[in-house]
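Both of the next two complexes hold subunit A, though its partner changes from subunit B to subunit C.
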Partner chain A sequence: MTTRSPVLELRGITKTFGTFTAVHGIDLTIAEGEFFTIVGPSGSGKTTMLRMLAGLESPSAGDILLRGQRVNDLPANKRPTCMVFQSLALFPHRTVGQNIEFPLKIRDVPAAERKARALQLMAQLRLPESYYGKNVTKCSGGERQRVALARALAYNPDILFFDEPLSAIDYKLRKTLEKELKDIHRETGKTFVYITHSLEEAMVMSDRIGVMRLGHMVQVGTPNEIYTAPNSKFVSEFIGDVNIMPVRLNGGRLVSDELGAEFLPPAVPTGFSNGHLVVRPESLRVLDRRDEAENVLTGTLYNEYALGSRIQYQVRVGERVFIAERLRQQALTGRLDTEVLVGWNARDSILVSD
Partner chain B sequence: MSPAERAQRWRSALLWAWALAVVVFMYLPALSLLLASSTSSRYFIFPITKWGFDWWQKTFNSIEIHILFKTSVSIALIVTVIAVTIAFFGALAFARYEWKGRSIYQKIVLLPIFFPQSVLGLALLLWFNTIGLELSWKSAVFAHLVWIVPVVTLVISIQVYSFDPALEEAAYDLGASRWQVLKEVTLPVLFPGLFSGALFAFLLSWGNFPLSLFTTGADTTVPEYLYSKMVAGYTPGVPVLGTVSTMIAAVLFLGGYGIIVLRRRARS
Partner chain C sequence: MADLGRQRARQGPLNAVPVAIFLLIGFAAPLLGVIIFSFMPERTFSLWQAPGLGNYATIFTGTSYLSLLWSLGLAAVTVCLLAVICYPIAYGLARVFGRWSTLLTLLFTIPLFVSENVRLYGWILFFIKNGVMLGTLKSLFGIEMESWLFTEGMIVLGMVYVYLPFMLFPMTLGVSMVPQETRDAAFDLGASKWQVFREVDLPLAMPGIMIGFLLSFVLAVGALVEAKVLGGQRVIPIVHDIELAFTYAQNWPLGSAMAVLLMVVVATFVLLVLRRFDLDTILGRR
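What follows is the complex of A and B.
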């Protein structure tokens, strides 16, 4: 990644709407051919960011550089970039073929050439050739996704932007399309910039992820870095089910005042005095014996959820709810409402500041 | 027969009777018009003693009537073109774009619809006189527009509300110029709304009496002629003209509706 040249550079990008600042001075470099995902909850400014990159909004301050050229004032229709919209924005009065050919028609490409290119893209995206003349409003959700992507590829952009196109798709199909999209990324070698509110989705597809919160880019890293080393409580919670508790450092041990317990800490960041301890469900195990883990808590088994290969247990320690896991083969039976031990090793936990 | 079945039967019988009553109530007057035109006598006598289509013949051959139609059609066509053009942009401002003062605009633009037309007609007459405009069918075009543009704006706005603004952005992002976006995306997607708007404009202008009465000057439209003949000098030519005028409106309306349905079907 580091050897690749930057295709997109943001320098102090800021966007204000009246008195509201949607994006606060973001610096970011995206490399040629990278799959970069911006993740954030709604209102985090991620859509505004993407719209500025696409040329549909102009930044209030800062510069956008495309291959070293400042493009702040270059309108969307002159930029070598293309966006797949959340609503997909397929033209309802046109067929699948006409939709895909739209950017070519705008460039006055001859009809025969247009059709050949459209059919080629349809084949690449696994759309049956018979769909060429089909009305686009008659296509299913997944087919419409593919048409939208084919249309964007027909423009032959250097960078493709995606504004949560999969958010309205049901879970199973979304999982398939995520993988397909990543395959298309490999096949085309183009730079993809994707935004989503689902870090899970980002993890599956991305080379790097940027997490946004309230207009700030709070962490940028590979999926592995984001997963194993979140730099704040916000990022760690964003990943999904996590066990998280306030702690303070006291003489090399972590103290939880709420639980009245002391824990062995993982590597302590310099200058850390108090913050939160994060333990992922797969690192928090329901134990048979106290000596199976370095840190142990006693709680009550309140409920269990079968996840397939693993089983999750809801364990209550005082007022606090913990989610622990076990492999299916080691499932506990008939233990609801009884006392259980949960524990983790220090190296499997993460310390974050607030 | 169970009580539930009997109740069900009664209910559907009542429904049918009600629907029939509504249809009769609405269409009997139009039918009476046809009846009244099918007489050979000079005056309107009921029951009709001498049936015949003499008055249809006379009406169709009358040069005066030809001029009437020409005037009415000219006004309606010009009103349609101007009204749809203005209302298209008006509807974009009404339903598409967020701008300061939009909510005031949305109310002001609809106000002329609620203004009594005869008062509006008189007001326009005074205004035209003040600015020294010579009254003719051309001045009636302006008068019609005052009332019809708001209606057509509303009709087109309904279509614009269901328009996804991302369509325009997508086309623009795919390299289209502003003009190409309008031509390739906005206009075709909004076409059903523009078409209904045009139908409304034509039909409302075609049937308008109060505004024409005050503003056509020496020219006469079909509704004006019908009114003056009923006030003085009735002949069975009046119901003939009334029937023809109604039929033209009906054919335009049903034909227009048919075109929209066919277009929709052709697409699927």
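What follows is the complex of A and C.
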């Protein structure tokens, strides 16, 4: 990873709309061939960011460098980049073939060559050849997805941008397409910059993830880093279910004033005095005995949710709700509304400061 | 459920009877009357004579066919000018002016509340010798010019002015139906601004543009007062001939024949256009 040269560099990219600042001075380097995903809730500025990278918006301040060249003022149609839009933005008045051939037609590629390229891309994306003359509006959601990707690939860009193209697709198909997209990324070796509000989606596909919040890039790291070492309460909460409680450091131990309990801390960041302790549901177990974990709490089992291979338990400790897990084989039975022990080992928890 | 469906299906035609009767008496019967009249001998007021094609022959042996050509020609020129004038305005209303669009739409609509004749006489005051335009030019700059009134150009100006909303509003609707992301996508895929316009804007806005074309063309073919007031009867449109035949000349069969011919010509044109530009296909519904 470190040996790869940077293809895209952002230096203090800022975008303001009137008095509203959508993107605040972001610095970021994306490497050649990388699958980089920007995640953030809606309104975090990720779409604005992507539109600036694609050349559809110009930054209010800062520079965008493409292979070392400043491209701030280069319009989208002159950039060697291409975007797959959230709505896919296919041309409804054209066939599948015409859609895919569009960027080639713009470049005056001869018709026979265009068709050959389109059919090749269709084969690569597992679109049946018979679809060539099919009206694109008659294709299913997944097929349209593939047409949009084929059209973008036909442009032969150095970098492909994706603006949440899978958000409107049902879960099962989305899972398939996520994997297909990652395969296409491997096959083409192109740089992919993807945005989504789903960290789960980002986890599956990305080499690196950047988490955005209110126009700031709050953390950049590999999926593993983001998952195991979130640098803020926001990032930790953004990744699915999480148990989180305010704590303060007192003589080498963590004190939860709310629960009246003390815990053994994980590695404590320097300068930490108070913040939040994060324990993922898979690290918080419903215990049979108190000595099974380093930190133990006593609560009431309020509800249970079967997740297939695992079962989640909602355990209430005082006013606070914890989500703990067990493997299906070790499911608790008939314990609703009774007292249970939940616990975790210090190294499975994370301390974040805000 | 099935019973209910069948019952509903049976009730359908029954429920349509009042409207059907109304349309039959109010729309189909007079139309049929006109069509029959067009085949009656000259200057009769009876529908029960032996039919013939004499009235149609009269149109082409006399000068009426010239009127028809003038009407069609003026309408065609008007519609083409309207398309060129209205597209930028429609684009602005749909994409650029934002919250000012409502106000502008209102400004374009308000003249419709004033009688067409009054508005056209307004143009006369503007263009007449020593009027608003020529008078101002004369007193301020000492420039003296011939009035442009009573020319074919003036008729076209009047028609463009009167039928502008009928082109503008469908066109605005059409332009606003083009999704911004689709335009962005074309631009991002390397298309120039002009190519985006040709490949995306124009075809996707086509339903609205087509409706505007047909609406303004059909209305413009029936234009009468523009030629009378601004054209000073220099040009006689077919509608004028029809009016004369029914009133002054008391020749209902001839008037009917001209009306039927106009209807056939316009209907053929509309059907041809609709066949060429199937609105449903353009909209991607079929």
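Just so it is clear, the second predicted complex is superposed on the first by the 354 of 354 C-alpha atoms of A that agree within 3 Å, B and C clash if a C-alpha of one lies under 4 Å from a C-alpha of the other, contacts with A are read in each partner's own complex, and residues count from 1 in each chain.
Basically, a contact is a pair of C-beta atoms (placed from the backbone, for glycine too) under 8 Å apart; a residue touches a chain by one contact, two chains touch by 3 or more.
Since the model is a prediction, treat every value here as computed from it, not as a measurement.
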| item | value |
| --- | --- |
| Overlay on subunit A: subunit C relative to subunit B, clash or fit | clash |
| Which superposed partner A:176 touches (first subunit B, second subunit C, both, neither) | neither |
| First, second, both or neither for A:56, with subunit B first and subunit C second | both |
| Contacts of A:135 with subunit B and subunit C, given as first, second, both or neither | both |
| First (subunit B), second (subunit C), both or neither touched by A:106 | both |
| Doubly contacted residues of subunit A, that is, touched by subunit B and again by subunit C | 54-56, 75-77, 81-83, 85-87, 89, 91-93, 102-103, 106-107, 135, 137, 151-152, 155 |
| Residue ranges of subunit A touching subunit C (in the complex, touch as defined) | 54-56, 75-77, 81-83, 85-87, 89-93, 102-103, 106-107, 135, 137, 151-152, 155 |
| Subunit B-facing residues of subunit A, complex | 54-56, 75-77, 81-83, 85-87, 89, 91-93, 102-103, 105-107, 135, 137-138, 151-152, 155 |
| Of all residues in subunit B, those that touch subunit A in their complex | 164, 166-167, 169-177, 180, 184-185, 188-189, 191, 267-268 |
| For the subunit C and subunit A complex, residues of the former touching the latter | 179, 181-182, 184-192, 195, 199-200, 203-204, 282-284 |
